[in-house]
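You will see two complexes here that share chain A, one where it goes with chain B and one where it goes with chain C.
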Partner chain A sequence: MALSTHTTPSGFLLPSIHSAPPFFTHQPNQSTHAHLTEQWMRLILTYARHKRLFILRVEDAEVPGGDWDKILRNERINRQIPPSYLSSLMAALVVKNLAVYELAKQTHAVLLHWHLPEEWAGVLHSWATATGQLNTILTFYEISDPPIPSPLSCILIPLLRRAITILSRSNRAQIIGVADGEGVRFFVG
Partner chain B sequence: MALRRYTASIDGTIPVPALLYDDEELLASQDGVGIYDGLQKAPDYQTGSVHVSTHRLFFVHSQNPSSYSFTMDLLHVTRTNYYAGLFKSSPKVSLFLDADTALPLITISGQRTEIFESWECEVCSHRNPPGLSPTAARICTLCGVPRSVSAGSTVSDASSQTQSLFSSIPESSTTSLSSSSSPGPPSPSTNSESDGIGCPACTFLNHPSLRVCEICTTPLPNVEHAGSLRAKSAPPTRAVSPVGDNTDPANLLIKLSFRKGGDKPFYNVLRRALRSQAWEGKRIGHNARSRTSSLAVASPNYGPTPVAMRPSGIDGIMRNVEASAHITQTDLNDALKDLEGLMMKAKDLVHLAGELNEKLTASSTTTTTSTLASPLSTTSFPSNSGTQLTSLFSTTTLVPSTEPEEAKFIRSSLAQLGLQMSNAPVTLDMIRDERRWVDELARELARVLQGSPDDIPGQKSAGIMKERGIVGLDEVWGGWNRARGVALIPPSTFLQVLPHLPAYTSPPIRSRVFKSGLSVLHVPPYTHASFTARIVGYLAMSGVMTTSQIAHEENITIGLADEMIAAIEADGVICRDDERSAIKGGGSGSASEVRWSRNLFLEYIWDGQL
Partner chain C sequence: MHRGVGLAAFDKEQLSQRFANLSSELSKTQVDHLQSQLTQFRTALLHFATTHRDSIRSDPAFRHEFQQMCSSIGVDPLAGPRKGGWWAEMLGMGDWQYELGVQIVDVCVSTRERNGGVIEMGELIRIVSKLRGVESGVITEEDVTRSIKTLQPLGAGYEVLDVGGGKKMVRNVVKELDADQAVILAEAQVEGGRIAEAILENRRGWTRERARAALENMLLRDGLCWLDSQDEHYGRAYWVPSAMRWDE
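Moving on, here comes the complex of A and B:
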């Protein structure tokens, strides 16, 4: 088992464990399983951060060429993670609060927290401060798709809302209803 | 004249045994024989050989066998006479023939072929094979029902009228009808043409073309039936008999002239054949033939007696079945009685063998150790008391050094008799104490598993686990009980014995229960630890192995390998790679099988992107 790391075209360094076929099998042994789950979660979150992916679906494992193709499948060893194993991994992520189910009462898609909502809140506030947008009303759209790329580009609205909710608890932000939806005003914290 | 009337020509180039019927047997042969037809020499039959069978007499001409050979049924012979010969006249045997059984004056070959066909019984649908003698062929070999006439009738309309004459007599056959309808002898049955159909109600003879009786309008049976009725109402009489000239005694005589001797033995054989009357038991057909010439004269003992002697039909079958069942029952009873007697004797025999074996064991111990070693050194008889040994010691000291071989011989003889005492099953009544009983059983089981230490070379008692290190408990139990043969061990006792097994086995055999409930007995190399070590070793060498590869490597069954690997997996030493997570189909060719590799993940340190 001479395993080696592998770099994807997008510049992501895959760990050597990703080239081990047993990595893609649900291990009946509890301790082995727990260990591998840990490695998987780390891999998923690292990759999500690298690619700025927020949503992981069960189906992603079976879609060649998708966003998650590079880690959920390994063409070099002819292995892919079975959907059942992936959904158990997602459940583990949710338990560890590293993800939440995207919609309540379903388990086939998760919203990944490769930054915790608290971290997102800090990022959001520092971004607002850095760009001098304190005390101005910003729409969610302006935050998730700013003219100048920011750490918050492409952030999903539910995640953004949770971050703002955290900020508003410490009186650093306020949600304001505007004509075409919702807006937020940041205050100096 | 007698020759013509009583014999049928055959092709003498065919060897006589080939001419015989299936139920016929050749009794004697003699060559250098001439034939007298009546009182005169028959010029064409002067040199040849005669053969007598149970049914027939054959004459085969020595120069011209194809033209001047004949056969004659022995049933024609009424009596015989022996003439010893005088000076130049050869010994002769005269055969006086029965005038009533003369053959018709036509060639018989056509009828023969018909007899030799196979035919299907109308009653039981059994297809009777050809080749039986004409008499035997008239009766179904399976159910004993006579062959029906209509089944075999292939004759013309004219003769079917005459045939009907005899259809009321079931044993008549086609051979009979052609004889009576033949143009040769003046047949009285010519009036059958003019006679009509007898009415079943009023016996009026109607014109054959009528369907109902002219007098009483009773529906008339069809032609065949009508014939039989007519036969009943007007049976043929003595006047039927064909020609008068056969009453001449000269025409009823054939003489065999023995020119080259051999007359006496041949005559004896011939007389015996005539006396045994092999054709008689089945002569129903000939009976009918005799009636073609003179039905009224046919002697009464030709009648139904053969039929009665031979049970036929369903009744006969039933009686056969009953008889065979009775015979089976009797045989079984006898056999059981014999068996009981044998068992009585067997006890003595076992006792004797036991004593003999004790002596042998004692003597071998004394000769090998030459001192009184502990009697327990031989596993077979720990119960040997010291007194026995000492008493035997004096006798065995005289035995020369060749003694062990003799002992071996005696033991192997005992073993061949099934009395090998070292293998004698231990039973509870042999040992009173239960704890000791279990110990003895464990000792015995150890012998079954590993073979006894004092093994007999000629005998194959290698033991179940001689070759294999791990065996299923069920197989051991079955094998043990098979080895015991008597006083079988119930599973509960078997399980009781298992914990004691390691004390009596070397290497110690232990039992192990897998997670699934499968129980096995195994030697130390198959303990969990050493098996794990071995598997890890394999995997370190080859990287990945399937279950079947491991099973092959370990020479155990796949099911067993599965269990053992699962136990290792539970330790987390190895991990699995399920082919179901392959991207393409069944993965790398093999069917969906789990591949095992060492579990290197526990020491894994993240080396990917941070």
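Moving on, here comes the complex of A and C:
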């Protein structure tokens, strides 16, 4: 049996290790575990970026046909990641600042940083500049669901807020209260 | 009473002087002769080196013949100039072999996390060939084995292991593989990397305890195999990454 790469219907290239049955078991040997954790974290983040997924939940391990199905299980070899293993991978991501727990005091879901908040801040500011929206007030909704799809489409509000906070530290953005919630105004950096 | 040195003594001294002259003349001729032979040999060697250098480096069959020839006349083609070997210098054979050694180390180190320090010979050759950008068959098992021998003084534990069934593994950690582990490596080869207690019981007649102890040691202590707790057939199976075929 050869372990080969596999391309999902959405065009994502799964690495050959994904077709190795023991990849789906929590390894008892420390260094093996560290090595495979590394592989899993990379896989989760690249897949999230490919599918623009922001949230990973422990339950995703058990949802057939869900967003994460293609990587959390491999029906070709009949393996799936146990929720407890997924949970430990999420903890490892959080330790490396590649994710944060979505809600404080809860460890069953993480917000993934396939771009770091600092990178999102850059993306956000260049988008506002490129689309000529400096100095105008934009609602969060206008940013996360723009009429023309942008690199920020579907961005989650907590992440957006962190990016704006980073920009406001260098006076490139300002959070403003608007009628139906919050808005932001961007300035030339 | 004083007696001077006699005539006989004078003759004796002259005689021994003449003998000494003769002997030094003889040995000088011998040395000259040897030196001319040596020069001739050097020239022949240089000629051989310049003519066949490229073939030795690029043609595995020719290289094999050359190695055979060297070992039959007791010449080490890798001996450096300090050991009195000009082979290494003239042929660049040493460089070639050491380069290969460096690349072997490179591959072994970069795959160690994955395979725990044991790599299958074919896999090693495949990756090294890829690294050098040469087609398969240009680097042979013999070349790799020879290069690994040159690495021995480093004491890094590089060794070629015969696991039976015509399969060879290269161990690259300072770790002794015991006989049971060698058997496990061989059996895992047959199964594409997978191994389980029951396989060892059935095929090798091991007791369950022996199989478990050997497998758990490989898993926990040595990191030479990975655990799969979702195996359809055995429930708990072990996978030896060095025996798995990775298409990358």
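Going forward, the second predicted complex is superposed on the first by the 188 of 189 C-alpha atoms of A that agree within 3 Å, B and C clash if a C-alpha of one lies under 4 Å from a C-alpha of the other, contacts with A are read in each partner's own complex, and residues count from 1 in each chain.
Rule of thumb we're sticking to: contacts are C-beta pairs under 8 Å (C-beta built on N, C-alpha and C of every residue); 3 or more make two chains touch, one makes a residue touch a chain.
Treat the numbers as computed from the prediction; the structure is a model and nothing was measured.
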item: Chain B versus chain C as contact partner of A:114, first or second or both or neither; value: neither
item: Which of chain B and chain C A:186 touches, first, second, both or neither; value: neither
item: Touching partner for A:16 - first (chain B), second (chain C), both, neither; value: both
item: Winner by number of chain A residues touched, once chain B and chain C are compared; value: B
item: First (chain B), second (chain C), both or neither touched by A:43; value: first
item: Residues of chain A that lie at the interface with chain B and also at the interface with chain C; value: 1, 5, 16, 20-22, 24-25, 27-29, 31-32, 35-36, 78-80
item: Parts of chain C lying in touch with chain A, wherever the complex brings them together; value: 113-114, 116, 192-194, 219-220, 223, 226-232, 237, 239, 241, 244-248
item: Of chain B, residues touching chain A in the complex; value: 543-544, 569-572, 575-578, 580-584, 587-588, 595, 597-602, 604, 606-610
item: Chain A residues within the chain B interface of the complex; value: 1, 5, 12-18, 20-29, 31-32, 35-36, 39, 42-43, 46-47, 50, 73, 75, 78-82, 85
item: Residues of chain A defined as touching chain C within the complex; value: 1-5, 16, 20-22, 24-25, 27-29, 31-32, 35-36, 78-80
